[in-house]
Each structure stands twice: as structure tokens, then as C-alpha cells.
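Next up: some structures, all given as C-alpha cells.
After this come two complexes, each holding subunit A, first together with subunit B and then together with subunit C.
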Partner chain A sequence: MQNMKIKKVLILGSGAIRIGQAGEFDYSGSQAIKALKEEGIKTVLINPNIATIQTSDYLADKVYFLPIESGFVEKVIKKEKPDGVLLSFGGQTALNVGVELFECGVFEKYHVKVLGTSVEVIKNTEDRDRFVKKIQEIHLNVPPSKAVSTVEDAICVAKRIGYPVMCRIAYALGGLGSGVAYTEKQLQDLAKKAFSFTKQILIEEYLGGWKELEYEVVRDRYDNCIVVCSMENVDPMGIHTGESIVTAPVQTLMSSENFMLRSLAIKVIRHLGIIGECNIQFALDPKSEDYRIIEVNARLSRSSALASKATGYPLAFIAAKLVLGYSLTEIQNMITGETSACFEPALDYVVVKYPRWDLQKFRRVSQTIGSEMKSVGEVMAIGRSFEEALQKAVRMLDVGLPGLACSDCVFSDLEKELKEPTDKRLFAIMEALRRGYSIETITKLSKVDPWFIAKIQNIVTLEKVLQRYSLSTLPAAVLKEVKQKGFSDQQIALLVKSTAKDVRVRRKKLGVIPFVKQIDTLAAEYPAKTNYLYLTYNACNDDIVFKDKNQVVVLGGGAYRIGSSVEFD
Partner chain B sequence: MELKRQPAKLVLKDGSIFDGYSFGANTSVAGEVVFNTGMIGYPESLTDPSYQGQILVMTYPLIGNYGVPGDERSDGLLKYFESEKIHVQGLVVADYSEVYSHWNAKKSLSTWLKEQKIPGISGVDTRELTKTLRKSGTMLGKIVYGKDNVSFDDPNKRNLVAEVSIKRPILYEGGKKRVVLVDCGTKNNIIRAFLHRDFTVLRVPWNYNFLNENADGIVLSNGPGDPKKCKDTITFVQRALSKNIPILGICLGSQILGLAAGARTYKLKYGHRSHNQPCVEVGTKRCYITSQNHGYAVDKETLPEDWREWFVNNNDDTNEGIIHISKPFFGTQFHPEASPGPDDTEFLFDLFIRAMR
Partner chain C sequence: MGGQIPNNLAIPLHEAGIKILGTSPADIDCAEDRHKFSQLLDTLDVDQPLWNELRSMDEAEVFAEKVGYPVLVRPSYVLSGAAMSIALSKQELRTYLKKASDVGKERPVVISKFITNAKEIEIDAVAQKGNLYCYAISEHVENAGVHSGDATIVLPPQRTYLETMRRIKNITRKIAKSLRITGPFNIQFIAKDNDVKVIECNLRASRSFPFVSKVYKINFVDAATKVMMDKRVPPIDRSSFDLDYVGVKASQFSFTRLKGSDPILGVEMTSTGEVACLGDDFNEAFLKSLLSVGFVLPKKNILLSTGPLESKMEFLESTKMLETMGFSFFATKGTADFLKTHGMSAEVLYWPLDEKEPNTLSYLADRKIDLVINIPKNIEREELDNDYLIRRKAVDCNVPLITNLQLAKRLVEALYRTKPEELKVKSWDEYT
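Up next is the complex of A and B:
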């Protein structure tokens, strides 16, 4: 049960929105505040970001618009005298400041309890050498790596591991300054650049081309563990998760692989002693069951925001309840209102997250994507076929693309584009398929799993099928098929040389319409009580009844982009 | 692409029709329609003998992604499957993936279904179908291909266990310690669980008199249908209970154990078929995520004296396990052997092995 001594809690926000740390931490912080308020606990928030929801007057009891820096936080602690502090809801910034304050003895001095995962545990996940040591204690695989503090040492370690090597920075936000070195010269350049703003870098085995998977794990103080969501990156290892197209649940793993990684995730989280929520990243060899544990984030993250929205499981809210001392079995599943929060969501749809880049706003910025995050926002699409979700996602980016079909990106060197991905990589795959490249060739060049490419091939095939018809000759079966594969009326119009308006009229006449489905965390096993919805053409009936006459539609701001950010939330 | 596909449909006893396309064998079949909410693991699920007589609906829409593995064997058992053949009567999915991709795959799901003459139908709104089954309860149904119509058929009237159990005992040699596994439709992973723990497993038919076998313990396997049909097994288990030999019942085996002890069983509205059922160990705050596939359950109110509820479902409060207060008799409604599903409760095999010492 709840730790009754806690009456007032300090929450550290994440500060200004930046690449690698965006609205997801507003979401997690807001959820935490709600969870605490429900328990009658006073909340004090520090966050200088005026655009966030968590700083609204109806949420926290007190809000300080101050920098997330140890000096300022200490002053607030001195004044407010909170009983506890939450460090894991404000991203890397809050975590780093929390560790700093702990080490200077500030929490001890003012008798502030760090709620949930302890600082020692956080340090075990953040400091690479300590992390590797902890994982090796339970005999699990981590990529061979070594932390170094000089360029010479970096080169020496790289020789031992063998090129190519990955160069990473500890405590880094959005993979800042990291990269792959294929040669000694490249490593020298990378290391020099890195040491200009950090004292320590990490030289690591390079796992380019391996599958990249993420599991969101929740643990309570009674040692109950659940894995809320599994996610697979369409882009293989080597591309930052923030730059990757991500799908939930995993698509290309067989059962034994998936449940092996699930068990490993639980083993790691138990061994580390995390309480609340965390995220674990794996690399999986595409040709065997060999795996590596890449990292553990002992906090809410970008991926947990995605996992929450993808499954309907309120991760941040539940995590906040757990750090107060509740057990998972004591909390109710808010979606069904009758089942327990101690379960693993079953999805009956597919989710695609797509990043949005605004690289064209800058001159002389490289368009390539890799281990450093450049994207400024993202969207999530839901469908009942992968093609449907993927094409929806591309449209929702609002970058002027009608989806994958009819995309007209021009590539001067297609093979290079496939080998060295840019923000246009999926369109390059689309173009390669149009030009007749085989799935195997594209996989060889791009390292994207053939399953994903085959799904894009389906879109290319339908693109060609549609071109054979005019709107008046288009059969209902074909129209239904392309709608089920995510073609918009606009795309269809472009291919049958008509207008979106006319396509829509004909489509409705032929009875090809979408249906509204609910996200219910249990794949329809129990009735859902919330209105968390998506539209799909892969259906024959609506989940909900439309009866209210006086309803208002609110349009959101869409993906974050430069000029449109969390303020519209 | 579905454009080229052969139409087929699923017809339910209440008259509802779900149109789709055939991607398995082009035949018509009848059975009991059930849904499974697990998102992964179709090669294991389809070969689980507990699905005998049932038409299986997958609620996760994308099926076939990673193909089907080959027929490699280890310890005499198919390495990647739960029995020798597909046991579902038919398969219903939303979006079948024609192209599969996996290092371990040897063929597509479609090819496998055709080889084993099992119909499969895709393009179905499986969510709508699941909602129908949830509201009405499990229903009879049929997959109809072309003009080849069949009549509805209730598999629960048959002795399904007799259909799937082996006919003669099989010995899997391991270490010195030995369990008798009463095969009511066992999954291979139960056998593997004991072989991996260095046990010899004597697998016997469901109606075999195992009382004179020299065994350190008796395992009652999972299996299809109504436990009350297993009269012979119940009789032998009743006699075993008086002998103090450790007994572990899994799924149907737990129901048989309950019936032998004197409890009653009943049919659930739509059963539990999923990989995410939370089970709390009674008297603790420990909750395990379990893999399940059952349509019947033990009525905990009817447990005799000396028996206790061991696990309870945290969602719907149904019984998930029974235990004797002093003797080494255990039953779990869920599958500690997982496959497919989470292995959170695999330690129960170790617990049972401790009881055998």
C-alpha cells in the first residue's frame, strides 16, 4: 500500500523542448501529477517551459518556472521542504540533475526521499561501465565496449574490438555526438569532436544491420513485472530510435525470440532493482537468436510515451502509483474499468510511429540519419494492416506527401540513398521497388527486414493496378482493397486521373467506407469504457454508437515541427 | 494480393456471416469458434492439441509474418511445434502476410495449412467477430468454401481427449527420476520441461492405468474439451490421490485433479485464450502473467476440505489453480510451460520437482 508519510512531492520537469526531449515528458509529468493528486499528495513542479500542460494552473499545486538546474532546485527544496522527489518523469535533464543533487547530499540534507528507482540504480543504468558490469553479473550479453577519455585510448580499444566501431557518449541526450567509425581516421575525427564537450566516450561493438527491439517494463515493489509493449524498429541498429520508424507490437520475431527477450528484460529489471517504469533496448541478429542488451532507461522515455499511446496502457500514471508503494494488482485497468492493471496489453491493430524532420529549414545540414537524433517531432498511426498504418503515418506528417504511393521524391543516386539513409529512406525503397529492384537487393543495401519491404511492395503493386483503371471502370473490390492498404482518395485520384472529391463520391456510392474501432488494451476480450479510437477500412462494423447530437470536434496541432510545438497541446 | 484470392466465409450458429478469402486448404469445416488474443506464436498455437475441434480466431490482425519453421526434432519431439500436427479445425485471421521473413522459416503459413488440409480464411474483421463471441459466448460455426457446405458440429459432445491422446506409452529417456505424464493432449513443452530438468518421462494414454508404474510423480496434461469426459483418467487419479504420489495437473489436468478430489467444473462463457492472463497467488501480492487456453474451469466454491484455491485470475476472479493443504497435489489452470507465451510461472516445475524428493 501507499507510503503514508509522503505528503508533498517535488516533480522535476524536462525544461525547454529540444531535439530528443519533447512533449513526451510533458505527458509523463502531467500523468504523475494526476496520480499524486488522486492520493491527496501536494505537488510542486519545477519546469520553465511555459507551453506545457503540466505547468497549467489546474494540475500541480505549485509551479516554479525555474531552470532544471541543481542550484535552483535546491532553493525550491529549501523553501518547499517536500517529503519526496520524482526524478524519472522529466527525461534525461531531470535525471541528470537528480543524480547531481543526490551526490552533493542535497536530498539527504533536506530529508527528501527519492521515490521509485533509487539514485544508485539510476547510476548503474547511466554509467556505461557500471551498466556492463551489472549485466554481466547475470551472464547476459552486452556489446563489448570500453569507456575512454583520450583519442589515443579510443583508437587502442577500437583495435581490440575490431572496426567498424560505435562511438557513444555517456549521459547523452538524443545520441548527441555519437557515430560509427569504419576506419581509424574516422574514429579520430569523431572522438575529437566528442571530447570537445564530454570527458568520456564509449567505444563499442558495431551492430549495424541487427534488428532493434524495445520492451517497456513495469515493476512494483513486490517484484511483480509486466512487459507492457514490445516495439520493433523498421530501421535496423545504427539508426537512433528517435530517427526510426517504429512499429508495435514486434512484427518479424518468432514466438521464442519474443518471449526470450521479454524474459531477459524482466531478469535485467529485477537485477537492477528498478521500481516503476523502464525501457530496455535489444539488438537481435537477423540470422540467429543471438542478442545484445543495448541500454536500459530507468525512467519514462520517448518510447514509453509511444508504448502508452500504442497500447492504451497509462504507463506514466501507473508508474507514479507504483513509486508510491502500490502493487500492480491493487490498481485498476482504467480502460476496461473492471480488469486489473497487472497484465500485458494485447493489441488487435498495428501501430506505426514515424519521425518528422525539418532538415530543409537549414542550409548545409546533412540529410543523412544515423545514431544522432535530428527529428523534431513524430506521429503515430493505427491501422489493421501494416500498409494502412504506414501510409496514414506518412500523410499525418504533414510534409506535403500523399502517402507512400504517388510519392515523387527524386533520387539522383538511389543505391547510395538506400545504403546511407536520409529522412527520405522509405521513399527511396518505394522508388527502388518501382524500378524493379528485388526485395533481397533492397534488404542487402538498406538492411531493412524483407517483411517490411514486402509490405511496401504491396503498395507499389496496387499503385500499378490502379493506373490501369479510370474512376468509372474501377471495380468496387479493387477500390476496397486499396483503401484497406491505406490509399487516400487523393492518391487514388492521382492514379486514376480524377479528383479526390469524385473518388469520394464514387467510393461512398459503392459502400466502401471506414469504421471506427476502439483501443481497449485487451483485444475485445472485455468491453472498453474509454473513447480512444482509430479509423480503418479493414473492418465491417463500428465499435461505438454515434448518438450524441451536440458534439464538437477539436483539431490538434499535429506533429511537432519548427514553429508548432507543445503550446498547441 | 487479395485480388486474386478465392472467397470463403465464416458462418456462425446465430446466422452471422463474415466474408473473407481462403489462404489454407480449400475445404469447408465445422467446429466451435474461439478467439485467442496472443499476438505471436501461431506455429505453437495451431499445434496445441487443446484446440482439437475448434476454429481459431486470431485477434492480432497480422498473421504469417515469420513463416513456419521446419520439422527438425530433438529428444524425438518436433523442435518448433507443440505436437505432431495442426489441431485447429480452421484458422481465421484479418490480414494474412503472404511474404514471410525469418531465418528459421521453411515455408509459408499458407503452404503449411494446405499440406495439413486445414482451411484458413483472411480478410475477416476479427475484432467484430471477437466482440460477437464475447457477447454470446463461444459459438458453433463453420468455414464455408464455395458450394461445399457442412453442418454445424459440436465437438464437445465427442471425447476429444481420446482423439488426441497417444494410443501406446512412449518413453523419453532422461535421468534417474521419472514422471508419468498422462497424455490428455499434451503440449511438447511439458515433456521438454521435465527432460531439461533431467527427468525420464513415461508418456501414457489418457485411459492408461498408471498406478503400477514406478514413478516419482504424475503429471496430468492439458487437453481439449470437457474434463468430465475423461472418466477413466479421473478414476485413476482418485486412486493415486490415496497413494501420496506427487501430482501436477496442468489446464485440463488441473480440472481432472479437481474432479477427482470431489470439486465440480463448469464451462466459461468464452474461456481464456491468451498470453496475458494475470494470476495472483492467493494470500500474496504476487501476480504472474500467464499463457492460457481453456474453456472450462474448476468451481472454487465446490473444493472439498483440505483443498485450497492456489491461484486466482485477477481479471475475472475465476480459479487458476488448486492445491492440497498437506499433500503434494498441485493444479494450475494456466500453462507454466508457456510456448507460446510468457514463462513467468516456469518455476512451478521446479516446485513440483522439489515435492518429488
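Up next is the complex of A and C:
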């Protein structure tokens, strides 16, 4: 490792929880502090979010409950005199303030080194024109786009690209102010609104209906890189990742497509010169292997928190070590306890992330989902089949739905619901299948990949099968099959007209019980030692032994929602 | 420890034969079930707002007439004010009842007398076998009627009578004792003069536990966990509760992202997060926490639309302070006339629906305004009106917006007494 003689580091948090910036940045900040402490480095944290774990008295050496704003940060730097600063662990808020302080020469003035990815590189990923130029240097595809600073220019550029166009804000948090314009009038409105937040907006080719994929990549200063996790959005391009149902690993790609995107991801991170962690978003044409590189986040992101938990690869912790100058080969993966940090995780399970919305709390709000994020929280479910993980995720949202089967959302205009998605879109697909729509029709309307719809079709089919039985006639084989597809006792009870309690008793009598599995990311090459566990019926034995009698179960708060958030973490 | 969600599982898990640590599920139920809890308060001789649980529209109307409007309507078992509303009239009551029954399904609704112009105060505490171990009393800046999750919260209280504090502590002791509380809990009170009423009691860690723990530097959750595990906890020195600084918690809203949503405070919680800052006095901590949630302090131009005459009067002193500080006012007709009669001037802007220039909307769009103070005429009206258009435009154009009278008054006072450049940069451990 390169000795950087860093003794004291300033870490910028992300402030209050808001749409687009939630608990993921508390996680990444806490991990970074732990990684620095392990090296004997003093840590100074600025974050006014008093409910976070990272502001606990046992983590950072100094905590400032102050606004994450350049004036206050400068004063803290002046007072604390840190040698280095971490900008990539506090979301877009920290990154924006970091870039601002760099531009004003504050870091230079107080001799503070920006650790990890340099500000120039950050700017190459954040400023759209610079980003496009950078990617084109290595002849890769980006959507045609142009940054503009007036409404007139926006209209002019849109004409050249052709409607519909995507309107985006540079340095945006969670796609704030972005939107699709189908007409000049719509663009005018969007652009006007966007310019009240920013000096520059981006007009870009609209890729509605393409598949959306994300790759999490880490790189050390010796140019070693690995792809930690691949993720696929169930919702197509046009729906913000924060609003999408996401699976890990990717589900519908052919091996050649996956390999292509994976190597592109590595090419991009190397060319940009990112040190630590980054997230790359791709759009892939479902009809060809044509792709676009949508964006690169040179920081820990919402997806990196998901990727960490989905793969057992502690991205933020390792990113912090890389930033200090370690190479990937020098770091142990403390979650698996066995592998080095340059071992790419391989998953024998499927993970589904599902957003939680609370739109009914707001008066007059529009219910449609799109390129701007509106969800306030999310859950992650683990299963061994997509159906199982998806149904678990829906239940864990705690919005009164027992899963996909037995969901009873009422739609007055189903086709419109499929075409213009709201927070209920998955249930609209479910309902369409129940009404006999073909997978093809649903794909055409919703642009959701037929693979996902076929999986939902499996749930619809089982829903119908179950209705043919009563609890006493329900064969063990059917019971097992529906449990493997993620049906809860409650769902089964509703379909066979019984109670969850009775189903539970019967199920146990028939010997249909779940097993506790450990997430195994080592493709069984090494024994897995993770503490990430899940229950599944798609197994035949437990991965762990229950020896200790002296254990307490702690129940968490579930998905963040209005009224229940990081304070219960 | 996981909030209301796992708390709702206390009874089902208990029935499934699982041992629940801490306060017993039967006692948790006694706090959650309005009837049992109300009865308990009556036995303890503790006051509560008049309420009744009702299942039909007619019963509801009769009860509302009896206690007098406004009334608060809500389903039992409620988190973050789901379908909670204030009804000012019979007609509004009907509308809200419909909404509440949509959400609560088989559960009845509860109607209670809504007390206007009252303060809201909360206590976060830990008890062991019914004895109060540690507690923190905090006051809301906004009057009762703003959800506690959206309110600006001050610890220790700066404007609460000592007598009120003492009463709150005594009531808390009584409740802890009778429910045999072991673990964390939170009680919310309404206080008017020195009259204290209990509005809610949760036998679980509350949203404000991190806030009070970090301000007092006493880890309430750590203490609660120890008592729940039946471990001994060291006694706390009384002087730990005597602070030379103030903590203020402010809420973060995400209205910008929720297109079309009305950015207004009410009994339904709408904030997505929070921050808290410390300061040598209230003003300093308050300004820091406002800045932390992205509030930009005004430089020159303020748009005033201060609601009904009563609130215009209440805000008069503050308006004068703003004028002394050199701010220029823009105002809608009514407010401008009011200012004129009190010797102040404002440039009159037309209401959005007047569609005439100079219009409030175009001034907001052109960013000629640094701050909007818009006090709604009544807190629960839903029709598309001028006030809504102003508020929404302010949010869409990223112009700071204040819709609560108490908050506006405290902001003006803080600006008057504290210069932004004087806000101190002190780390947590420097506040002793």
C-alpha cells in the first residue's frame, strides 16, 4: 500500500433523509468511519442528521451537527485542519459541496487532500458535456445530448435530436427536475422549472422501453477492478431507478449481453480513473445488442447499498480502504471472512428491491411514476426464485397487501395503468394476467420484459390452482410448490377459504417448512460465513446450527416511510 | 425498538407463545387501545381531550355538536396520522369520516375535541418496573395541530411554564407506574395555560429518541435495552438534565419532488426526514437547523400573505421587525391594506387566479422573491385556491416557504437577534 500519511479525515454526510437520499448514506458513511478508525486515522464528521448511526458517540472522533453547506464546512476545515476529505460517502449533497469547495480553492488553501476519485474526475462524471466527451474518447455509446442554459437553446437542441426528448439536470439528486417532453410546449414548461434550480440542463435522446441495468464496480489505484454486482430494473428505461423494482443479479440478459456490459463497465471506470466505488447505468435495446451508457456515479449510491447487502460485499468499507491507498488484493472481505476483496461475488439466489411510496399522505399529488423519484423507502427480499423474492418484497412493504397473489387493487382503466405507470403498476400487470391479457400485449403496453411477466403469470396460475382446493384437500406437493413461489400462509388461506393459523398447522403437519440459508456469494468454492440469512422453501436443509439458547430477536422498523425512518435503525 | 410496526406485533407474537421483553403485551395493549387507555387516565385523574369512539355518521355528528367544532377525526391504531383530520364543520366531518373509514376498514373512528391555540409538549422516557429512570421533555414551536413528526422541536423547553413541566413529569410517573412500564416510552401532551392533557402514549422508542439522547448525551436506547434485559442501570446525576445549550430539531420536507402536492403542515405527517442542531441559545440552534434542511435566509424581498385578520394581528410585531431590518414587502391585496393601516407599505401583487400583472406567480417565477410567508386561511380546506397556487409555485421555484404562524414569528425573531455569520462552529463534545 502507498503510505499517504493521512492522520485526520473530514467526512461529509448527506443531511436529512429526503426523497432521493435516505438511509443508504448513513450506511456508507458509518462504514467509511469504521474503515478509517481501523487504520488509526482520526475522523471528523459533519452531518446534522441527528438520528443517524454515523453520528453516534462511538463512531467519529468529532461530530458537527451543522448544515452541509460550503460556508460551514470551510469553518470546520479551518478549525479542525484535516489532512484529507471524503466526498463520495454522503451522496449528492456531499459531492456537490465538495466540488464547490474545490472550485473556490478551499481545499488547496487549507492543504486538504481529496481522497479517492479526484474532483476533476468527479466533474467528468457530473457535467454532462464533459461526460459525453470522455466516453466518446473510447468510442462507446452515449445518448445524443446537449447541455443548454436557456429555454430557447433547449428547444433548438430538441428539434435536432427529435421528440420525445429527456430533460435532465446536471448534478441532480435523484433525478430532481428531470422529465420527458413529447412536445415543444412540455419541454418549455420543464426547462423553465429546471432553470429555477440550476444553470444548466441537458436535452437528451429518450430511450423509453429499453432495458435498464446497473453495474457496481470497484477499482484500486493500481488499476485492478472487479464488478461486484449486476442489477436489472424490472421497470424499463424512463422510470427512475429509485422508483423501479430492481433484481440482482440481472435476470433477462443473455450471457453475451451481460459479458459485454460487464467489460464496458470496467473499460469506463478505468478510462475515467475512478478510485474506490462507482455505479454505471446502461440502457440496452431489447431487440439488438445496442446499448447506451446513461450515467456514472463516482460515489457510493443508493444502488451500492443494495449491492452490498445483496452480495455480502461491503462496498463502502472497501471503497474507503481503496481510497486510503490499499490495493484490492490487500483487503480481506470481512463479511465472507474467507475471500480477498478482489473475489467477485457469485449469487445462488435472487434479490428483489421494491420501493415504498406514501403518496396517499399528500394532497393533490400526482400518482404516476416516471423519471423523478417519489418513493420514500425500499425493502430488499431474498429468495431462490424470482416469484418468491418478489412476493416477499411486496409483503414486506407493509402496505396492506399480502403479496402479488390476492392483491385486490381496483383499476378503472387497466390499459392506461399499464401504459402510464403509477405506484400500483405491478398489481395492474397481475390484474391484466388474471383478465387473460397475453404476455405479449402486456409487454407492448408496459414495456416490461416478457420474462418478468411470465414469472408473474406463474403466480396467477398458482392462484387459480389453489382456488380449486379446500385446506383439507390441498395436497402436500401443491402446498410445497406455492410456498416455493412465495405464497404466505395468509395468501393460501384466502384462496382455500381458511385462516392463516389453520394453514400453518396443516403445513407443519405435512412437513412443509422453510429452511434458513446463508447468502453464499462464493459459488460454494469456500465455506460461506455471512450473517445475512434468509428463509426459503427452495432448500432441503439449514445452513446454520441453532445452538445458543441465549438469543434475542430484535424487530426492526421495516421500510422507511413517512413517520418511520432512520431513527429506528 | 423498531417503532410502531413491530409494536403492533406485540399481541400476535405474545399469543403465538413468544416471550416479549420489556413492558408486557397486555400493558402495551392498554396504552394502544383508546378505551382502556382513557379509562386508565380517568382512574389516575389525568385530563384528556373529550373523545368518543364512533361507528356511524349520525353518532359522530351528535358527538361533534356536543363538544363543539373543531374536532379531530382518526382511526384507532394510527401511525403518522394516517387519515387523521381536523373538521371545522359538520360538512367537513362527513367528508373526513368517509376518508378515515376507507383506510381503517373494520376499525371504528375516534373523534376528539380539538383544542386551538394550545402548545404541544412531549416526553421521551425510560422506566424500569414502573419507575421513571430517565426522561426528556421537549416543546413544539408550532401550536397543536401540526403532526409531531413535522413540528420543530426544542429541547430543553424555552417557553414552557415550570408548573406545566412539573405536571407533565407527575403524570408521566403515574402512567409509568400503572402500566408497569419497563423500557422506552413516549407521551404527548397538549398544554394551554397550565392545563395539561394527555393526547397519546406509545410504549416504545419514539422518533425523537435519537434527538433527546444526543442532546442530553444520555443514551436512552442503551438504558432502555438494559432495563428490558433486567440489567442494573447506574443512577443518572440530576445535573445532567441541566443544559447550558439548546437543541432544535427541524423537519425536512420533499415537496419539490412530489409534483402538485400541497406543501402545508397539518395533522397528517408529510416530512421525510429531520435534522437537529445545537446552539448556545434557541435562535442559534434554530437558524442552524433551518439552514440544514436547505432553508435559504432571505436577503431583501418577502412575499406576505398572512391569512385571517387574527393571524395578521399576531404577526404584526414580527412584520415591524422585518421592516426595521430593511426587508421589502410584496403582499396580496388584503395583507397590503392591513400593512398600510399600520403604517407600513408593500408592493401589491395580484392573486394567481386574478391572472393580472404584477402577479404573485410571475414574481416567484422570476425569482424576485426570497421568502414566502403564506399563512393559510384555514388549515384543512382542499379546493384549488389561490393560496395553494402560491405555495406550490414557491416550492417549484425553490423559494423558501413558511406556512405556520408560530414558525414565522420565531424565524423573524431569530433573524432579528442573531446574525447568520455569528452562528458558531462547535462540535458536539464542545457543548457541555
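To be clear about the criterion, the second predicted complex is superposed on the first by the 565 of 569 C-alpha atoms of A that agree within 3 Å, B and C clash if a C-alpha of one lies under 4 Å from a C-alpha of the other, contacts with A are read in each partner's own complex, and residues count from 1 in each chain.
In this section, a contact is a pair of C-beta atoms (placed from the backbone, for glycine too) under 8 Å apart; a residue touches a chain by one contact, two chains touch by 3 or more.
What you are looking at is a predicted structure, and each value in this text was computed from that prediction instead of being measured.
Superposition of the two structures on subunit A leaves subunit B and subunit C fitting side by side, clash-free. In the superposition on chain A, A:T252 makes contact with subunit B only, not with subunit C.
Applying the stated contact rule after C-alpha superposition, one finds that A:N49 touches subunit C and leaves subunit B untouched. Using the contact criterion defined above for the overlaid structures, shared-chain residue A:T473 touches neither subunit B nor subunit C, since it reaches no partner. Judged by the touch definition given at the top, the superposed model places A:R262 against subunit B, while subunit C stays out of reach.
In the superposition on chain A, A:G15 makes contact with subunit C only, not with subunit B.
Using the contact criterion defined above for the overlaid structures, shared-chain residue A:R384 touches subunit B, although it does not reach subunit C.
Seen from the CA centre of subunit A, subunit B and subunit C lie at an angle of 160° in the overlaid model, rounded to the nearest 10. Judged by the touch definition given at the top, the superposed model places A:D223 against subunit B, while subunit C stays out of reach. This overlay, made by fitting chain A, leaves subunit B and subunit C with a least C-alpha separation of 30 Å.
Against subunit A, the residues of subunit B that register as touching in their complex are 1-3, 18, 35, 37-41, 43-44, 59-62, 65-66, 69, 94-95, 97-104, 125-128, 130-131, 134, 274-278, 280, 285-287, 289, 314-316, 338-344.
Residue ranges on subunit A touching subunit C, taken from their complex, read 15-20, 22, 44, 48-52, 55, 57, 62-69, 72, 75-76, 79, 174, 176, 192-193, 196-197, 359, 361-366, 372-374, 376, 398, 552, 554-558, 561-568. On the side of subunit A, the complex with subunit B involves touching residues 222-227, 249-256, 258-259, 262-263, 266, 286-288, 327-330, 338-340, 342-350, 384-386, 439, 449-451, 454-455, 457-458, 461-462, 465, 477-478, 481, 515, 517, 522-527, 538-541, 543.
Of all residues in subunit C, only 1-6, 9, 21, 79-82, 149, 205, 207-211, 214-215, 217, 219, 229, 247, 249, 251-254, 256-262, 264, 268-278, 288-289, 291-293, 365, 367, 382, 384, 388, 396-398, 423, 425-429 touch subunit A in the complex they form.
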